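Going in written order, the chains are labelled A, B, C and D, and every chain counts its residues from 1.
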Amino acid sequence: MVDLFDWDRFFTNIPQIVAYLPVTFKIVFYATLFGVILALLVAVIRIKKIPILHQVAGIYVSFMRGTPMLVQLLVVFYGIPIVMQQLFNINVNRWDKIIFVYITYILNQGAFLSEIFRCSILAIPTGQLEAAYSVGLTQFQAFRRIILPQAVRVAVPSFGSDFIGLFQNTSLAFLIGVVDIMGRAKTIGTATKHVLEAYVFIAIFFIIISLLVKGAFYLLDKKLAYGR
Amino acid sequence: MIEIKNAKKSFGKNEILHDVSIQVNKGDVIVILGPSGSGKTTLLRCINFLEKADAGTLTIGEQTVDLKKASSKEILEIRRKTAFVFQNYSLFHNKTALENVMEGLITARHVPYADAKKKAEDTLAWVGLLAKKDAYPCQLSGGQQQRVGIARAVVLDPEVILFDEPTSALDPELVGETLAVIKSVAERGITMIVVTHEMSFAQDVASKVVFMDGGFIVEEGTPAEIFRHPKEERTKQFLARIISAENMYYI
Amino acid sequence: MGFNFIYFYDSVRSGIEYLPNTFELTFIPILVGLCLGILIAVIRVYRIPFFAPLLAVLITLYQGIPLVVALMIYHLLFMAAFNNFAAVLHLSISMADINTIWIGIFALSLHATCYMEESIKGAFFSVDQGQYEAGYSVGLTRLQTLRRIIIPQVIPVALPMLTNNIVGTIKGSSIVMVIGITEVLAGSVIPASKTYAFFEGYIAAALIYWIFTILVEKFAMRIEKRGDKYRRNLV
Amino acid sequence: MKNLKISKILTILMLSLVSIVLLTACGTNNETKTSDTNVKTIIVGTGNNYEPYCFLDKNGNLSGYEYEVLKAVNELLPQYKFEFQTYDFANVLISLDAGKIDIGAHQYESNEERQKKYLFGQESYTTYTTYVTVAAKNETIHSLSDLQGKKVKTSTGSNSTYLLEKFNETHKDNPIILAYADNSTDEETVVGINNGVWDAVIVTKRDADKFNKAYGNGKAVLKQVGEPVATSKTYFVFAKGNTELQTAIDGALKKLKESGKLAEISTKVIGGNYTESE
């Protein structure tokens, strides 16, 4: 009755969708880069249980894990301008929307990655830290040279699946008009009345991304094996 | 000269160390004996602040530090004057044997890389593991890992090396080889405090034997005094139990 | 930017009305994911020929597909093909009497299985080889060893990651809104059709999800404490 | 011994915050364009997923009825320069409330409740007459009351949901079952109704014609029955109190209607003159 799938529509869609790849990659890049910095910070704060920061970090992680990302995007997109207006009296209300998307994904990734890092840091036997102290390393040196390299190896598998997850839910920015490849697939669907081809292409694209990421992290895991 | 005065430590309700004081002169080899739970390991770990004592003071050379209220700077200085050999080796899993030995030098003591590498290789050769310098800890046997651990401590040439039951995690035939290395460290005149159950080692190498039980120093003296005619009742019982188990002859 | 508390209260009430849907969309997929996850993890840990590599490839491929795309494709295929599928099996039911929530549960279950399998496999590897041999040495079969020795040790190790997956599914279940299933998020926005008070609706949904997540986390923390008695690592 | 140097933590904290601010700063320069003295930039918020009103064409540019009408309005109001941004149905309204945009255009219909939160224009720009729409081969449903106990596909936030809920308030015994399917595709609507997943949907005549043209390949897949469920109109939406902009837009709209240009746009874009009456 309804021809759901049609190959030539499939191929005409591809250039239109691929044109929006930069948006997806930019969101993923910023979210991962600053997300990792923020995550390390939050993980250390929560492990060291630093007085006030520790509680704040706890609430932050719990909020980010407990509420749908859609709402986090709204809170950032509508909330930050109000806060900036009240505190620093700068009007950021009319800034480019992509900035708020970056901030949302950075904060969200920061929370999820901090959990992953915290668990992997705790997985390193305390003997390693004590050994580092015994040869006279400061806490920061011990963390950077001994604990972190080993924690990275423990974190790699879950970091990999989280990274793939990040790729897949950049489409949420569509709600405030930031169109990425998934958003474009949806708009093609409404414009051409046929959505299946666009979504199948998206599925294939993301499978390739997932294979590449899994492969890259597998090699990274091999490299960090330290002789194991 | 290293001295601990009135060290106290308790985990929750039970007291592990009751006002323990100990004096170590340059070149001394102190061996601490005692049943498990006597607080000997805790005492050792309080010296380089792996455990935070509840009270007491520590003096190394001219520097005196309060065991409880020591600032992180003071702690760092103390740690840079001491070295520690762990019961289960605790080599850095992400570094090769050579890198393990060099780590203290290049990071803590800011020794230039080339000199550090040279010194580390010499020390590894001294413990007979130069051939294994690029191996990772998981590729080494227990005995080899412990010898790298010793090399890692000796290369720093600290004021004192603390050994926390260095041989108890090893299988029997590797114990002798490791004790030989510790003995040669002693012969180089390096001050050492060794917590162990190896009676024969204590007899041959120790300059002073300390017997601890229940968080107290029960008795201390030269190996001959302790082993030939111990004064305290508890020391006698402990030695009787251990010596009959290892059917040692009386010297 | 007005925030009207009456609208907010309406949204919370309307959102809670749809909480049972979210329960269904969370706990059924988690249970299915756990069982399938353990099954697949065991197959991969024991490297059973043919199945292990096949499942490994399937899992990696399926993990690539975003949940929202999978949902849309299942929904479209269901609607287009179900009737003649039912006719072939001459089942009496037509498409209408199947509640679309089952498509959501199906998609979420597959999605949960992939993530569950990964956490459980990780936990299996953390139990050292000696435990298996210990089991065999006292004459337990492979299955008995698994059930009585290995899995009880796997659960506490896998628990932190399991909580992560459960929390992820609670939040992720709001994605089914796309194929017409109403749960907490869609439910709390319903009052906005009258008043256009969408912001209050979304904040209401966030509140409900957050409380739900905190309860799950607290519950998991208690189990983790109990399970930790034979595994001690200092901070 | 345990306390890491707080100063070290704070330096990292400052570092990452500075980098985030830096990142956002680079975002500002492309925002504050130098507009000449008296022309005021007005930001219009519309959708990008609602064909034929506001959608993205083949090469990704915004097009559709909302865009064409407001472009025509802008030509009549030289003191303004319209700039278009896209959001989804709900976020256009929230952004309006948050002052991120000045005009909301997404086929919004008005009622007293909504007027509490938003300022609606007085001049409508499309009529929005909706009918009960069922599968072509459906013989049982002829009016709204026939829908009692039946499943109707609708989306949270749409006006038809509001009307159906009001209907249900007076028919508590056997209410209409509302199936909320937000931002679902037309394809699903047609396939679903023809296979019994839903019994009906409440859409305008033009939307029904659109479905038939796209999916019927020749014959009708859906048909409209009975009296109109609602004959309401759509208006542009403004932030509360922005009457100055609202009266200007209404004036321009009135001129477009008198000159027949509005009807012309409607026929060109939607395929029929739906500006005055059905």
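The definition used in the following text is that a residue touches a chain if its C-beta (ideal position, glycine included) is under 8 Å from a C-beta of that chain, and two chains touch if they have at least 3 such contacts.
These numbers were taken from a predicted model, which means no experiment stands behind them.
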item	value
Shared chain contacts [chain C and chain D, defined touch]	A
Chain of greatest Cα-centre distance to chain D	B
Distance from the mean Cα position of chain D to that of chain A, given in whole angstrom	31
Chain B and chain D, separation of their C-alpha mean positions in angstrom	76
Gap in Å, rounded to a whole number, between the CA centres of chain C and chain A	20
Chain B-chain C separation of Cα centroids, rounded to whole Å	51
Sites on chain D at which at least two other chains make contact	3, 5, 90-91, 94, 98-99, 183, 185, 187, 191
Residue numbers of chain A (touch at least two other chains)	1-2, 4, 74, 78, 82, 125, 139, 195-196
Multi-partner residues of chain C (at least 2 other chains)	1, 72, 76, 80, 199
Chain D-touching residues of chain A, taken from the complex the two chains share	1-2, 4, 16, 19-20, 30, 34, 37-38, 40-41, 44-45, 48, 50, 53, 74, 78, 81-82, 92-99, 102-103, 106, 139-140, 174-177, 179, 184, 186-191, 193-196
Chain D residues within the chain A interface of the complex	2-6, 8-9, 12-13, 15-16, 19-20, 23-24, 27-28, 30-31, 43, 48-51, 55-60, 85-88, 90-91, 94-95, 98-100, 183, 185-187, 190-191, 194, 214-215, 221
Interface residues, chain A side, partner chain B - complex	125, 127-128, 130-139, 141, 145-146, 149-150, 153, 224, 226-228
Residues of chain C defined as touching chain D within the complex	1-2, 4, 72, 75-76, 79-80, 82-83, 94-96, 100, 177-180, 182, 186, 189-190, 192-199
In the complex, chain C residues that touch chain A	1, 60-61, 63-70, 72-73, 76, 80, 115, 118, 122, 160-161, 164, 167, 171, 174, 185, 199, 202-203, 205-206, 209-210, 212-214, 217, 233-235
